[in-house]
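Shared between the two complexes below is chain A, which has chain B as its partner in the first and chain C in the second.
Let's look at the complex of A and B:
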């Protein structure tokens, strides 16, 4: 190859990369890095911001609501991951046992989508104490209706947020794709050795899915520790502060109280908590068994 | 097929276990479909039925009144929450389509070009660095960027509340506010780290010889990408377009923060939240209700209207699913996470 064609190749490589680079820099990385600046400033509406050292962080740590929000966030993540994370894995494994045509029909029906805020609105309606179906189900069978207050009951509100994910169990697209790549011979070999149903799941299927499970667990930790929309729309953080999560409190501090510095300081605290969880997860759940 | 061996399929025990797995899965399918059916059924009920016979599974007197109500606008004084009715839903529907459409139009070419360059054009060292630059934000909790991104969008490209001046003068440097514009939502979504992974994983599987051959024929890099690579990438493009579209359509926090004060620009995701909030903050027992709310409730705004709005918001998502279902069903494979 001549020198000219190499430089031409590099020029077009960078031209292709440039728009993505621009967007990913300005809206991806820069705001993340700039947060560490915002967290140490006091923001005013028109005046330039003022450096205030660790004042925002001291405010965060002395705020009892921060503790409540942290507790709620851990509680939600614990419920969401503990109760619903393994469901799609096992449903996908079981789905693979069906005939190809059945798999197709089931998947088509299962993945019929509803817009996300629409889905939240449906469940908000379902949970309505007098008009909602969650209390009305017994009346369909001629019984008295349950007097459960669901989202209005502080001790049930958080569980009610997670419950739809438990009731509406289903497979996961990513797991199905990964399962299709497991070579059939492995199962045949296990059959020859007389391995039982569950033994095959444990010794053949799960090890094969391990990298995907590790990655999904990571995304699920990141996602559930940052939950915002679901409690914001379903409960508005209530009753009281029973479902106020950290990101919701960050939002309230920033756009309700206009305390941008304190909001970002809290976001930084959550950032380090999640990064710690990620490091722990990666240490205990290696993606590759050979490592 | 794999867990239950092919031999001995006729044995009673094998058939029983296959049957129970099938039953369990069908229950899951039905449970998934039920809220959808409930949403459609409730949207067709008259308001009186919603309140008087709340648990009817099938509407006694089906009516499209809720849909008609949503597509008319209500004038006059409206209290907070009820003010979503100032515009007919067609306005909000178009807003949602603009935001989601422009996001797809920007995000897919930008992301695909970056992924192609990283996969096939860059020298190995640059490629590895760029790979982490592009997908790394997925591995970092993004909530930390909420406030800084808002600051950045309000005085782009200056991320502070005060725009810096040209040194030694009082002239402010140029800045542009994306708050209250669609661009404040679309620009941050113009690149997607997740779709980048999908594109790169796909381009990695294509043989380099294809590009070499195109170059031999004298095609420019752009021509190679457009004429050779993209036709092959059609399945990935379908999946990424679907994710870009649904992601933008479902986005709530972005429009909520950026378009807060511009009601005429709200997408449906914000409007459905507002309507839902109006319905739940109002109680039937409440005597001292403000007249605007009273008027709306008596004209038929209840959970039937909310569900009708949910149906309207879901139709484009459903159509996108119908269009792209074949590619989605093949499954998405994320490969090349190791760089």
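Let's look at the complex of A and C:
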């Protein structure tokens, strides 16, 4: 290959990549870089910004609501990962034991409610203490005293937010797709060795799912630490501040209080928290089977 | 072949770069030519006319403008579709556009799509302003923070020259004034927060007003409101006396409870008013209404839409609503509650209940509008003229005539009556075929009379005092009330927690000339109460000033 053809190949590769790189830069990297600029400014929507040093970060660290929001976010992440990440793994494994036709129907049913925003709005009404289905069904059976306040009970509000995720979040589909790729020979070999059902799950299924689980765990951590639409639509962060999450507080600071600098500073803090969690997850939960 | 592809790609990138760099400089172009009269203008040739129009007005379709359909559908052209489908509103919008341009030859009106009622309005507006593609005017929300953000042009000079300035509702002028400068113009629909109630429920409960009609008396107190809410409540029939968001259930304003007061230490401008015993009474009252008396239906998931649904579905006897909506619904949807329940005999409106010393929370307001601050002075003046014409001038008259004609053809009541009832300005012509008294029920007219006669107290911003961010502040207050309602926590603990949050995060500022500005502000409020609420001044305010309004 001549030097001319190499440079031509490089040039054309760069030219074809350039539009994508532009998009990635302006919509992907630039906002992150720009956030670091805004975090140190008193930033106005129209007027020019003013440099304020670390004042926004100091405000973030002295704000009692930031601690509340962080606690709520971790609590949500704990519940969400526990309920909507782990349970579907086992549901998928059990589902794989059923007939192919049942699997297909179940997959279809699982997939239908994934239209999340509409789903969230419906759940808001299902939780309504006087009209909602969640209290309506027990009342039909004469259990008027059931009367749980769901979203209006500070101790239940967060778990009420997580419950729709069991249906609306669809990792089960991904697990099923992954399970279908596990070689049948492995199970046959396990059968020959006399392995029990649970032993097969422990020694064959779960290790084979490991890369997918690692990836889904990563998405789950990022997603649940950035949860916004569920509390925003269903509770507005209440009762009190019981469901105010960090991203919701960032939104409120930016577009409620117009304190864009502090909002960005808090977003940067969240960015580093998520980065730390991801590094820990990558360090202790290897994707590679051989690791 | 590769080289051709490469060349095409390079050209595409180059072209897109040049397109990005091109600036629409029509906004900044200034005409050097002499000012033409409308007649002179009509005598110009097409090309000269186009060239002469150098003041561009971008009018939002969601308030003042119209947009042509994008698709002609089964018709040969879009204009055919508009004409043959009887879309007179759009035709009148285009007629008004042509009329305004003829009256102001330098102006070219562009109707644009700009949704100012959605949740994403703020961020969309910020982007549009940065890109110099914002509409000429838009709704002014979250005052005064958006004024501090520089979102609106200063209208003070234009206001001074305007003959109907004094007709704007007092509350709207106060809302949009910061340190003596005016940034907003009152919209064309005056209203107030009022109580919407079920007349049929009141009739059943035997509660009648001074006109002998079912409903609360036009002068009623918060205690009356609470008592009536309890009386209308019937758990067996799934009825609540009142439905609303988790808040003070209308308690604070009539009781004169200010939730932030001057900080006596001088470290900050304000402090949370946790010392006022009225706050404890307020929290206790809403807790009892929601949980003990069960006369108030409230939830964290309940917003404006939800509590109006509760009302329409016959599950709430009273809700908080916005005054202009009721007369409009009365005309547009007279059988909303069924053929046997005419709207006017089913839905009533009353002003907010008063406090024990006669203080009212009633504030005459409109949707205020702000103008794009990046416009040139000519554009700003033209936009202001447009609003005047649209609100009460030629365009208003044309719109109303069209609406009346459409109503006549369609054999329904014209909404012109609702527009005129809520109009704060003096229209150019009288458009009513019959007097308002013949159209609306007495309680609607009485409520509007009271709204027009009500007064709004001075606001700190008018004196240059910084206020906490409205949205976040309201959110913190709602959180306090929702905690009081949904938990059994000690009220003192809730108040102290709220004070800590609000003082640390929302009131952690102090201005340079606070002391002097604060004195002027308190003096203005004192004068306001002396003039409009003498009983409250004597019985409450004087004592309150001594206790909570000490300037450091």
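What we mean here is this: the second predicted complex is superposed on the first by the 262 of 291 C-alpha atoms of A that agree within 3 Å, B and C clash if a C-alpha of one lies under 4 Å from a C-alpha of the other, contacts with A are read in each partner's own complex, and residues count from 1 in each chain.
The rule is short, and it goes like this: a residue touches a chain if its C-beta (ideal position, glycine included) is under 8 Å from a C-beta of that chain, and two chains touch if they have at least 3 such contacts.
Note that the structure is a prediction, hence the values are computed from the model and not measured.
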| item | value |
| --- | --- |
| Fit-or-clash call for chain B and chain C when the two complexes are aligned on chain A | clash |
| Contacts of A:252 with chain B and chain C, given as first, second, both or neither | second |
| Partner chain(s) touched by A:207 [first = chain B, second = chain C, both, neither] | neither |
| Contacts of A:82 with chain B and chain C, given as first, second, both or neither | neither |
| Touched partner set for A:124, first chain B, second chain C, both or neither | both |
| Which partner reaches more residues of chain A (counting touched residues only), chain B or chain C | B |
| Touching partner for A:28 - first (chain B), second (chain C), both, neither | first |
| Chain B versus chain C as contact partner of A:65, first or second or both or neither | second |
| First (chain B), second (chain C), both or neither touched by A:278 | first |
| Touching partner for A:237 - first (chain B), second (chain C), both, neither | second |
| Touching partner for A:12 - first (chain B), second (chain C), both, neither | both |
| Touching both chain C and chain B, counted on chain A across the two superposed complexes | 12, 16, 19, 44-47, 124, 128, 130, 236, 255 |
| Chain B-facing residues of chain A, complex | 9-10, 12-14, 16-17, 19-21, 23-24, 26-32, 34-35, 38, 43-49, 91, 93-98, 102, 104, 106-119, 121-126, 128, 130-133, 136-137, 139-140, 167-170, 173-174, 176-178, 180-182, 184, 187, 191, 197, 200-201, 204-205, 211-212, 215, 218-219, 222, 225-226, 228-229, 233, 236, 246-247, 250-251, 254-255, 260, 263-264, 267-268, 270-271, 274-275, 278, 287 |
| Chain A-facing residues of chain B, complex | 1-5, 7, 17-18, 21-22, 24-26, 28-29, 31-33, 35-36, 38-39, 42, 50-51, 54-55, 57, 110-111, 113-114, 116-118, 121-123, 126, 130, 133-134, 136-152, 157, 159-162, 187-188, 190-191, 193, 196, 220-222, 225, 246, 249-250, 252-253, 257, 260, 268-269, 272-273, 276-277, 280, 303, 306-307, 309-311, 313-314, 317-318, 320-321, 325, 328-334, 337 |
| Partner chain A, residues of chain C touching it in the complex | 2, 5-6, 9-10, 13, 122-123, 125-126, 129-130, 142, 145-146, 148-151, 238, 246, 297, 299-301, 303, 315, 373-374, 469, 471-472, 475, 478-480, 482-483, 485-487, 500-501, 504-506, 508 |
| Complex interface listing, chain A residues touching chain C | 8, 11-12, 15-16, 18-19, 44-47, 59, 62-65, 124, 127-130, 149, 151-154, 157, 234-241, 252-253, 255-259 |
